[in-house]
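One chain, subunit A, appears in both complexes that follow, with subunit B as partner in the first and subunit C in the second.
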Partner chain A sequence: MRILKLILKNSLRHKLRTFLTILGMSIAVMAFGVLRTVVEMWYEGVEAAAPNRLITRHAVSFIFPLPYSYREQIAKVPGIETVSFANWFGGTYIDKNKFFARMAVDPETIFDVYPEFIIDAKELETFKRERNSCIVGYEIAKQYGFKIGDIIPLDGDIYPGKWEFVVRGIYKPRTQSTDATQMLFHFSAVDERMKVEMPGREGLIGWYIVKIKDPNQAGTISDQIDALYKNSSNATKTETERAFTQSFISGLNSLLAAMNFVSFVIIGIIMLVLGNTMIMSARERIQEYAVLKTLGFSGGHLIGLILGESLVISAFGAGLGLFLTYPVVATIAAIVPKGFFPYFFITPTTLILSATSALSIGLLASIFPIQRAIGTKIVDGLRHIG
Partner chain B sequence: MKIPMKYIIRNFRTRRLTTMITVFGIALVVFVFAAVLMMAYGIQRTLVATGSPDNVLVARKAANGEISSIILRNDYNTVLTLPHIAKDPNSQPLVSGETVVIINIYKKAGGLSNVTVRGVAPQAFTIRPQVKIVEGRQFTTGAREVIVGASVAKNFVNTAVGEKITFGGDTWTIVGRFDAGSGFNSEIWGDNDQLQAAFRRQGGYSTVTFKLDQSDAFSSFKAAFDREPRLQQFEPKKEQRFFEEQSEDMALFIRILGIFITIIFSFGATIGAMITMYAAVANRTVEVGTMRALGFRRRSILTAFLTESLTISLIGGLIGLVFASFLQFFSISTLNFSSFSELEFSFALSPSIIIWSLFFTLMMGFLGGFLPAVRASRLNIVNALRSA
Partner chain C sequence: MPNSLIQIQNISKSYWRDSIEIPVLNDITLDVHEGEFLALMGPSGSGKTTLLNLIAGIDRPSKGTITVNGTNIASLSESALAKWRSHNIGFVFQFYNLIPVLTAFENVELPLLLTSLSKANRRKHVELALNVVGLGDRIHHYPKQLSGGQEQRVAIARAIVTDPTLLVADEPTGDLDKRSAEEIMVLLDRLNQEYKKTIVMVTHDPRAAERAHVQRHLDKGELT
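Up next, the complex of A and B:
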């Protein structure tokens, strides 16, 4: 107990320095937390992927469409519950900065394969009935003020021309990692117009979403689906939703690696700040350490004193830093348009990582001063001038 | 009277470890700051270099990138009727209707990634003279042959000259490797008619690029373009501008994130500098008192400590910049949000990045050193001399 009191007294001897160190550390811990959150959010899509969903897309790349006629054939593969599909519509809403995902889908099945999109039964009924209607995610409805009955005009690129859809429902996310930023409308509305305006482009969908009964069968079912079209000019590639999402992120690997690297540089900086303070304190107290040793305190006591002080400061820094991370992340989530980052929240991994790295820094920062304190002979210590 | 610079330098030697730690901290911050700006600038420079100043690219207005743009053959023919399109000696227009798609290839580093495949007309090489074959030969018109950009050959498996790749239901022979020193290096080029057929895209092009007959004719071409009622859904842009816009999302993302992070942890480094300087002042109280007693003025003391702090930060900043400049030898390949395909670029240093980094460095030194220097200059002579 006494030693604890001494540790606290020691850390308060240079109030300004301790305060600055804690402040510096907390800001760095906060920066680390925010950066980790950005990195983690890229992977969150992978983590949130349902194990019982497969994605079947064109083997060459996802920009090539697949014939609608595959749907029935795929449905015949054993172990499949529902086959739905989606089509990336693209286009522009007002201007290119107002970006969110717009998909032409099958209104009958899309909410069956995505149970995490929560939709009112009545709204869904209306959506199914009216061909020019659409359902928007809660987050974009909030951002752009879409209400039921509003008309959303789109300027098409992949599907050229002007398009208008009436909002007939707003879906809510089931968990915080559910993407509530999509706009969904009838594939048939798009397809009918293609048939008239650009013959040859009808009956083509983007990718199939296959809901399977047993997640353990994913590999077998994927192979069976791909085998159906192996020798066709529109060969398919089927993989779990997780692998599909992963492949999107893998292109960004080098960027994510750079961000990871920077986050470790931050740790390095925290260490320098704390290390500097500890080294200074130890240098100033070399005489005291010598006195303590003369009085009979062992090396263990000195280690406890220095390490304790370092840990106390780093604990305060980490605590304050984590506390600061929340409002900062919340502000970023509010500023960044939802279409770019569907969700932005602090994961438990980030918290644990921030806390453990801050504490291990507390440990590391004390090594050098401890070495000095123990290594200095009593006589030299007593003779030392600051 | 001024306090000699020598005094300031000597102090670094006395507190070697603390000074080194502070210098190192500032060097790290400046390194990351410069690296981030260099990355964003590298992307921009690579894509700006992709376009030629005399070329114009026509795409669909609502399209975010080339892959989502569609120009039907009729509209293409309408574009050809407009004035200011350069002609070759045989009075053929210097225009390349191009089909742009993405295919998946395995990266050498592992994992599938997206590669842009561009079907070009023979004129494409006249309007883009920077595209040079560095190995093998040009593809033959009418054959299932392609040439690969230098970055593709470097980063993707089985893309060396002489190998074959399969896509669009066909096998294509790689007959050459080209270097354009720009974003085209991350693409695969082939004969447009062949690629259109393979991808069943005969109905139209993705984009149309042509050379202007005079460098300054863009505005009068655009005026003629805007008057044409059949082309209302399309938009001409200078090729350079078009590709620069392709870099904007990515560059913005990196810049915002990078600047946010560096500014935050520059606080850390500033505080580090402040701690060091406060300690320097505290340890030298007697010295300061002596100097004051010798007749040095408060202002000289303030200047001396501030100079010390600025020198520490400047040394750190220069070290950070030197290390950052080595990054220019590195290039990274990543997915570009706008084109949705892989783009290789190198870190690029610009004078403005150097100036910003140094400005940033001195800011840290100044903010970190000012308060401690004020404290030193305010010390009371008698108390300071007595404090030992």
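Up next, the complex of A and C:
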């Protein structure tokens, strides 16, 4: 107990220096936590992908549409439970900064293939019935204040013209990793208008969402679907939702690698900050360590004292840093349009990684001072002037 | 004739500086008897502090043996020597060397943390030691709140709290004014007379040395 008290008192011996070290560490831990959160959120969509969902898209690129007529043929492939589809609508709500995903979908099946979108049965019925209706995710409803009955005006770009959809439901996410930032409306409403205004663009959808009965059959079913259109002008590529999502972020791999690198550079900086403090403290106390050794304290005791002090400082730095990470992440989540990061939260992995990194740094930063304290002969230590 | 507590036989000590051997002590043989108060005197660089450090087991001789209370301390490992020091040696430094962030009580308690004594027993021992040195009313004071003489008395309390066989003091009055120095010497004298502590003291001060039973002089690493 007394040793613990001595560790705490030693930590506070130079209050300003300790405070600045803890502050520096906490800012670095916070920066590390935020960067890790950004990196993890990019990958969170991949992690959250359902194993029993396949995505069938155009073999060349998903920006090329597929014929709506494929739907019935795909549905006949053995092992398939439901076939739905979606179409990226694009458009602008008020201005370009108010970004969220707007999808033209099949209202009859979309909530069957996405059971993690929790919707009230009555709201869903109304949505299915009214062609000009839409359902919005809970997060964008909260962000933009959408309520049932509100009209959301969109300025079309891929599908030119002025569009209006009435909010008839708000879906909630089943888990923290569920995307609750989408606006879903009837594909038929878009398609009908295309038929009239831009003949030739009707009957085309973006991609099929295929719900399968057995995730283990994903490979076989994908091959079977793609085999149907192998020699057509609209050949398909079917893959698991996980692989599909992964292909989205693969273009950002260099950026994510850079962010990963920077986050670990920050860890290096923390180590230098704490290491510097510990080295200064140990140098100032060489004489005291010699006195303790004279009194009979062993190398183990000195290790405990120095390591303990280093861990106390790093623990406070980590604690404060993690405490600061929450409001910073919440602020970023509030500022960045929901569409960019459908979900933005600190994962347990980030918390554990931040805390263990900080404590490991506490451990590493004490190695040199420990080695110096133990390696200095008592007689040399007693002569030392700190 | 009392028994020999310390037997020093033919010890020599050299230091190395950039591959140059610097002899400090040369073939010293000395006996210190139980209950004796020995003053080691000599000019700066004569090797008296080195001899004291060897006796206290905080340095090792280059040659020869040192037996304290029947233990050849030169043959002990570092950890065994640390343990031996905690049981047998009370060390008083010239500059007190108290831990500034600990109170007088906590400083005196430090050596007892290495024992299996309970908290209550530690308290009893610390209070007793501080009362012996006349600082029973200053137990919660920090070193910076004490005068030099008081700090040295706390250091002496720390040295005696484990009831060691031997007290070694390196210039215990060297940093004190005349009056404080006198108080410290009275205290050491009392520890020797009343509590039968064997004391080996290094000093420059002839007045301090007068308190000792035996005075030995060192010059250029040799006892004269």
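The working rule: the second predicted complex is superposed on the first by the 384 of 386 C-alpha atoms of A that agree within 3 Å, B and C clash if a C-alpha of one lies under 4 Å from a C-alpha of the other, contacts with A are read in each partner's own complex, and residues count from 1 in each chain.
FYI, a contact is a pair of C-beta atoms (placed from the backbone, for glycine too) under 8 Å apart; a residue touches a chain by one contact, two chains touch by 3 or more.
Because the structure is a prediction, the values reported are computed rather than measured.
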| item | value |
| --- | --- |
| Superposition on subunit A - do subunit B and subunit C clash or fit | fit |
| Touch count on subunit A, higher of subunit B and subunit C | B |
| Which superposed partner A:363 touches (first subunit B, second subunit C, both, neither) | neither |
| First, second, both or neither for A:270, with subunit B first and subunit C second | first |
| First, second, both or neither for A:28, with subunit B first and subunit C second | first |
| Arrangement angle, subunit B at one end, subunit C at the other, subunit A at the vertex (C-alpha, nearest 10°) | 90 |
| First (subunit B), second (subunit C), both or neither touched by A:227 | neither |
| Touching partner for A:330 - first (subunit B), second (subunit C), both, neither | neither |
| Closest approach of subunit C to subunit B (Cα atoms, Å) | 11 |
| Set intersection of subunit A contacts, subunit C complex versus subunit B complex | none |
| Residues of subunit B defined as touching subunit A within the complex | 17-18, 21-22, 24-25, 28-29, 31-32, 36, 39, 60-64, 67-70, 72, 101-104, 109, 111-114, 167-169, 199, 203, 233, 254, 257-258, 260-261, 264-265, 267-269, 271-272, 274-276, 278-279, 283, 332-335, 340, 342 |
| Subunit A residues within the subunit C interface of the complex | 1-3, 5-6, 9-10, 12-13, 287-288, 291-299, 377-379, 382 |
| Interfacial residue positions of subunit C with respect to subunit A in the complex | 50, 53, 56, 58-59, 78-79, 82-83, 85-87, 89, 91, 93, 97, 99-102, 106, 109-111, 113-114, 119, 158 |
| Complex contacts: residues of subunit A adjacent to subunit B | 16-17, 20-21, 23-25, 27-28, 30-31, 34-35, 38, 60-64, 90-92, 96, 155-158, 160-161, 198, 200-201, 233, 235, 247, 250-255, 258-259, 262, 265-266, 268-270, 272-273, 275-277, 279-280, 386 |
